[in-house]
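Two complexes come next, and they have one chain in common, subunit A, joined by subunit B in the first and subunit C in the second.
Moving on, here comes the complex of A and B:
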C-alpha cells in the first residue's frame, strides 16, 4: 500500500482538484445570487478548447489563457441573457449550453485543425510549473505544495478572496440578498439583474480557468468532450460545499483525491473500468449524504421562473 | 401641512384607478385610508412612494411641488413604506435587514458591529424591544413587522405608509402594533395607515379618508364618526344587519371524539383529546390565535392528515383517516384556510377551479365526456351570484384579486349543498361588501338546516355568526360558550392561555 498513499498523492490531489475547485466556485457564486448554473461543464469545455486553439495560433500560453477567459465570458453572457433576461428555465438552458459547447468545440476542432477526436502538438508549450520561493524551501511542505501550475495557486487565492467577499464585504451581503429574496432586494434599490449577470460572468471566468487547467495544465492537448462530466462533479462540489467557498474547497478536494487515487490504482492492476468509475461513485454517495438548501431554493426559483 | 396630494388621477388605459383624489397629512397625525379591495388605496400610496406615476395631479411636500420617480426619491423626501408582504431576508439578522443597502462600512467592509449598535439604539428610542442579532426567519411575524418599520425609520423617514399592516397579525400583535404607532407619532413621525378594518381605524387614527371606486367619498375626523358611517361610505349603501334566527335543535351531523394528533418528526402533541359535535341548523365557531391547532383540526376533519387517536363521524359514517374523496362524498364541503395552497389551482381557469370536485356530477358529464355547455352556464351563473369580478370565466385564477378568488372558492363550496360545511377563515383578506355576502351565505346555509363549522382568528366574525363558540389553545379546547354568554373579553382571555373564572 505504500505506493498508493504517499506524500506526492497530496500533490496530485491539488492538481486534480484545481479545475473542480474553480468551476465549483463559479457554481457557488451563481447559487448565492439565486442562479442554478448547470452549464459549468459547457463553460469549462469552452475554456479548455479556446485555451488550446489560442495557444496554437499565438504560441503564447498567457495570451491563450486571456483569450480563453474572454471567449468563455462572452459565452456565459449568452447563457445569462437567456436565464436572466428571457427568464428561460435555468436547467433546460444549462443543459442546452452544455450540448452547444460540445457541438461547437467538436465542430471547430474538425474545421480548424482538421483532426478528429483529439488535437495535440508536441511543440506546444503548456502552463509552466511554478516553484514558489518561500514555500519551496520549507522541507516537507515544499514537496507537497510547490511545483504546480499557476492556475492551481490561483484557485486557492480565489477561494480565499471569495470567502472574504461573502463574509466581510457589503457587496457580498448584497449578492446574498439577491439570492435570498430578489423582490425585496429590488424594492430596496438593489440592481438585481446586474448582480446576477455579474455572478454568471464571474463563473464564466472561473470556468475558463478550470478548462485551461485541464487542457494546458494537466496535459497539453484538447480532445472532444474532454471535461468528461467534470463540470457536473464541480456542480456537486458546489452543492456539497453549501455554496460556501471553504466548503467547495473541501468537497472538490475530496473529488480531486478520489481522482488521484483512481489514477494510482490503475498502476496496481485494479481494472481500469472500476478505477475510472470511482470519482463518479463518490459523487453520487456524497449527493446522498449532504443536501444544500441554497441550491434547492435556487432550483425552486428556477422552476417558478420558467412559467 | 406636511404633505398634500392635489387632484391625483391615475388611469390604466380606460380604467380609472384614482379619480381626482385630494389627501393631506398633518405632522404627527395618523391618517387612515379605508376602502374596499380595488378602491384604489394601494395605487394612491404607490404613487406617493414613487412606484407608479400619476396621470395628472400634484404632490406637495412641505409647501413645494415635487415629482417622485422612484422609491429612492421618496426615501430622500422622508417617505417610507411598509409593504403588505414583508420585504425581508430571512437568513439575515434583524440588524442586517434594517440597515440593508445603507450599511455602515469601513471602506468596502461591512461594519456589522456598528450596524447592531445603531439598530439597537434606534429600537430603544422608539420603544421597541428587539434583539438586533436575532435571525429574522426565527422571529415571530409581529417582530418581523417591527423590523420593517425600523427599516423605514433607519432610512430617516418622517412619513410612514403602512399598507394593511394587521392582515397577518394575531389580535395581540395588532394591539402591540397600534400602541407602537401611537408611540411613533409622539416621537414626531406622521403615519398613513391603509386598512379595511374599521375597529383599528377607530382605535388609532386622527382622521380617515374613505375611498370608493377610485374616488374620495369622505374625509372625516375620527372622533366625529363611527364604524357605521364609515362602512356606509365604503360600500355606498347601508350594511344589512343579519340577525341569527332562533336555532332549531337538529340531529348531530359532525361528531369528533377524543381526536389526538402528534407531529411525526418531533413527537410534539398537536391536538389533544378534542371532542365536540356540530348539529343541524347551527354554526359552531372555533376561536383562537392562529397556530394553536386549528390547521391540524381542519386537516383531521377533511382527511388531509391522519390522526393517531379518536374518531371523526359525519352523518353517522365513520370517516377517521379515510381519503379526502370518501369524506367529501359523505357530505363535506370545505373552504380552506389558505386559498392559494389548498383552495385553488392558481394557473387553471375559473371554470376548472369551479369544477374541481363537481365534474363527476351527472349534470356535468356523461360517461366521462364533459357537458361543456352546462358547465359554462353553471360557472357563469355562480360567478354572477357571488359577484366575482373577472374579465372572463376562462381567466387563470391567479389574476383574480385575493377577495375575488375567495368568493369563487366560497361559491364552489357553498353551492355543493352538502349537509356539512367547514369554513376556515372564509373572509380572510376580503373587503366588507364581500364579507357581508359570504356571511349571509353561511347564515342561509345554517337556516336551511345544514351544519357549519366556522374556524376563524377574527373574533368579530366568530361572535357575529356562531351559535356556539369553542376556544382552542395549544391544541386543546380551552372553553365553550353559548351565543349569549360569549363576549370578546371572555374569549380573548382563553385565547391567550388564561383561565375561565
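Moving on, here comes the complex of A and C:
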C-alpha cells in the first residue's frame, strides 16, 4: 500500500484534474447564465485536435494553442447560435455538437494526416514543464506543485479569477442575474443575449485549453475520440461543484484523484471499473444532499425548450 | 384540408434536414478530394446495394429502432430519458448471463433471458424516475450518470465473474450462447434475425397504444401540459413511472436481441461503442416521437452507418462522414422551434 499513496500522487492528481477543471469552469460559467452545456466534450475534443494539427503545421506549441482557442471558440459560437438565437433544445444541440466534433475530427485526422486511430510525430514538441522559481525551492511543496505544464497553472489562475469575477464584479452579478431570471434581467437593461453568448464563447476558450492539455500537455498526440467522455465528467464536476469555481476546483480535484489512483490500482487487484465509476456514484450521492439552484434553473430552461 | 397542411409541414422539416445533411456531406467529400457522385453511389451500394447489404442495414437498425421507441415513449410523456445506453447495456448483459446460466436451452430459455434483461433495464430506468419523484434529482442528470455506471458495471461483470476464460486474452466477453437459444436468422446466410420482426411489431403496438388507448392519451396529455393533465385527473406519478419503465424495457430489449441474435455473447463495448442508443435518441427526435416515424428514421440512420462503411471500403473517404451527416441533421431538426418562433414574430410585427 505504500506505493499507492505517496507525494507524487498529488502531482499526478494536479495533472489529471487540469482538463476537468478548465472544462468544468466552462460548464460553470454557462450554467450561471442559464445555459446547460452538454457540448463540453465536443468542444474539448475540437481543442485537442486543433492543438495537434496546428502544432504539426506551425511547429510552435504556443501558436498551436492560440489556433486551438480560436477554432474552438468559432465552433462554440455555432453552438451558441443554435441554442440562443435558434432556441434549439440545449441538450439535443449539445449531444449533436459532440457527434459533430467526433465526426469532424476523425474525418480530418484521416484526410489531412492520412492515419487511422491516432496521429503522433516524434519530432513534435509538446507543452514544456514549468518549474516555478520560488515554490520550487521550498522543500516538500516544490515537489508537489512544481513541474507541471503551464495549462495546469492556468487552470488554477482561472479558478481564482472566476471566483473574484462572480463574487466582486458588477459584470459577474449581471451574469448571475441572467441565470436567475432572464426576463427580470432584461427589464433592468442587461443584455441577456450578449451575456449568454459571452458565456458560451468563454466556455469554448476554456474547453480549448482543456483539450490542449490532453493532446499537448499529458501526451503529444491525438487519437480518435481521445476525450473519452472527460467532457461529461467535467459536466458532472460542474454539477457537483454547484457551478461555483471553488466547488468545481474541489470536485474536479476529486475526480482527478480517482483517475490518478485508478491508474495505480491497476497494479493491485482492485477492478478499475469500480474506481472509474466513483465520480458518477459520488455525484449521484451528492445530488441527494445538495440542490444546485443555478443548475436547476439552467435545466429548467433546457426542458422548457424541449417540446 | 387543414390536417393535410399540418402533416405537410411536419414532413418538410425532416426532408429539408436530410438535404442539408447531404449537402454538408458533399462539402466534406469534396474536401477529401473524392468524386461526390462515386462516394454517394458507394454509400447507396453499401446500404442497399444487394440482399446482403440490405439485410445488414436492417440488422443494424434493430437496436436503434428499439432504443428509439423507448426514448420516444418517454418523450411522449414529457420525460427526457438520456439513459437509453445504460439501459441497453444492462439488458444485454443480463440476457447474456441468464441465458448461459439456465440449465435448459431453446425457446423457453430465450423468453426467460429476454424478459429478465428487459426487467432489469426497466427497473434501471424506473430507479432514475423514482429518484426524481422522491428526491427531486433531475432525470436528465441521473439518467446520464447511470449510463456510465451501467457500462462500467457490465464491463466488470464480463471481465471478472462471468468472463469466458476459454479464450485467453482479448476483449472481455461472456460465454457463447447455446445454438438452440439463439434468435434464428430471417434468411439463412444473412445477418438479419427475428429481432427485426419483434421491433416492427412493437413499433405498431406502441403506435396503437398511443393513438387508441386511454393510457396512451394520458401519456400524451402529460407530455403536452402537466397542469391540464393533472386537472383532468391523470396521476402524474403513476404515468411517469409506467412510461419510464416501458422506456427502459424497450432499450433493454434492444440490447437483449442484439446479444441473442447477433453477437451471441456480451462483448465489452460492442453495444456502447457504436452508439446505438444515442442514434436511437436522434431517431426519436427526428421523428417527433412518432413510433412508426422513429422506425423509418432509425432504418435511415442505420443505412447512413452501413453505407459509410461501404464508402470507406471502396473510396478514400473515411466512414466518419456518416457521423457528420447525422449531427448536421439533428442540429437542423432541433432548430425547428425557432422557425415557428420567427413566424410568430413576423405575424406580431404585422
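Here, the second predicted complex is superposed on the first by the 281 of 307 C-alpha atoms of A that agree within 3 Å, B and C clash if a C-alpha of one lies under 4 Å from a C-alpha of the other, contacts with A are read in each partner's own complex, and residues count from 1 in each chain.
Quick note on the criterion: a residue touches a chain if its C-beta (ideal position, glycine included) is under 8 Å from a C-beta of that chain, and two chains touch if they have at least 3 such contacts.
Here the structure is a predicted model, which is why all the values come from computation and not from measurement.
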Which partner does A:168 contact after superposing on A: first (subunit B), second (subunit C), both, neither?
first
The answer to whether subunit B or subunit C touches more of subunit A is C
*So, A:180: does it touch subunit B (first), subunit C (second), both, or neither?*
first
- Query: Should A:265 be classified as contacting the first partner (subunit B), the second (subunit C), both, or neither?
  - Reply: neither
Task = Please indicate which partner A:66 is in contact with in the superposed arrangement: first for subunit B, second for subunit C, both, or neither.
result = neither
Report task. Have a look at where A:97 lands relative to subunit B and subunit C in the superposition and call it first, second, both or neither. Result -> second
**OP:** Based on the superposed arrangement, let me know which partner A:188 touches: subunit B (first), subunit C (second), both, or neither?
**Re:** first
Using the touch definition from the top, say if A:281 reaches subunit B (first), subunit C (second), both or neither. second
Overlap of subunit B and subunit C contacts on subunit A, residues 307
Contacts from subunit A onto subunit B in the complex sit at residues 168-174, 176-177, 180-181, 183-185, 187-190, 307
In their shared complex, subunit A is touched by residues of subunit B numbered 70-72, 83, 86-92, 96, 100-101, 103, 105, 108-110, 347
The subunit C residues in contact with subunit A across the complex are 28, 31-33, 78, 80, 82, 131, 135-138, 140-142, 144-146, 148-149, 152-153, 155-156, 159-160, 223-224, 278, 281-282, 285, 316-318, 320-324, 326-328, 330-331, 334-335, 337-338, 341
In their shared complex, subunit C is touched by residues of subunit A numbered 82, 85-89, 91-93, 95-97, 99-100, 102-104, 106-107, 110-111, 116, 229, 232, 236, 239, 271, 273-274, 276-277, 280-281, 283-284, 287-288, 291, 295-296, 299, 302-303, 305-307
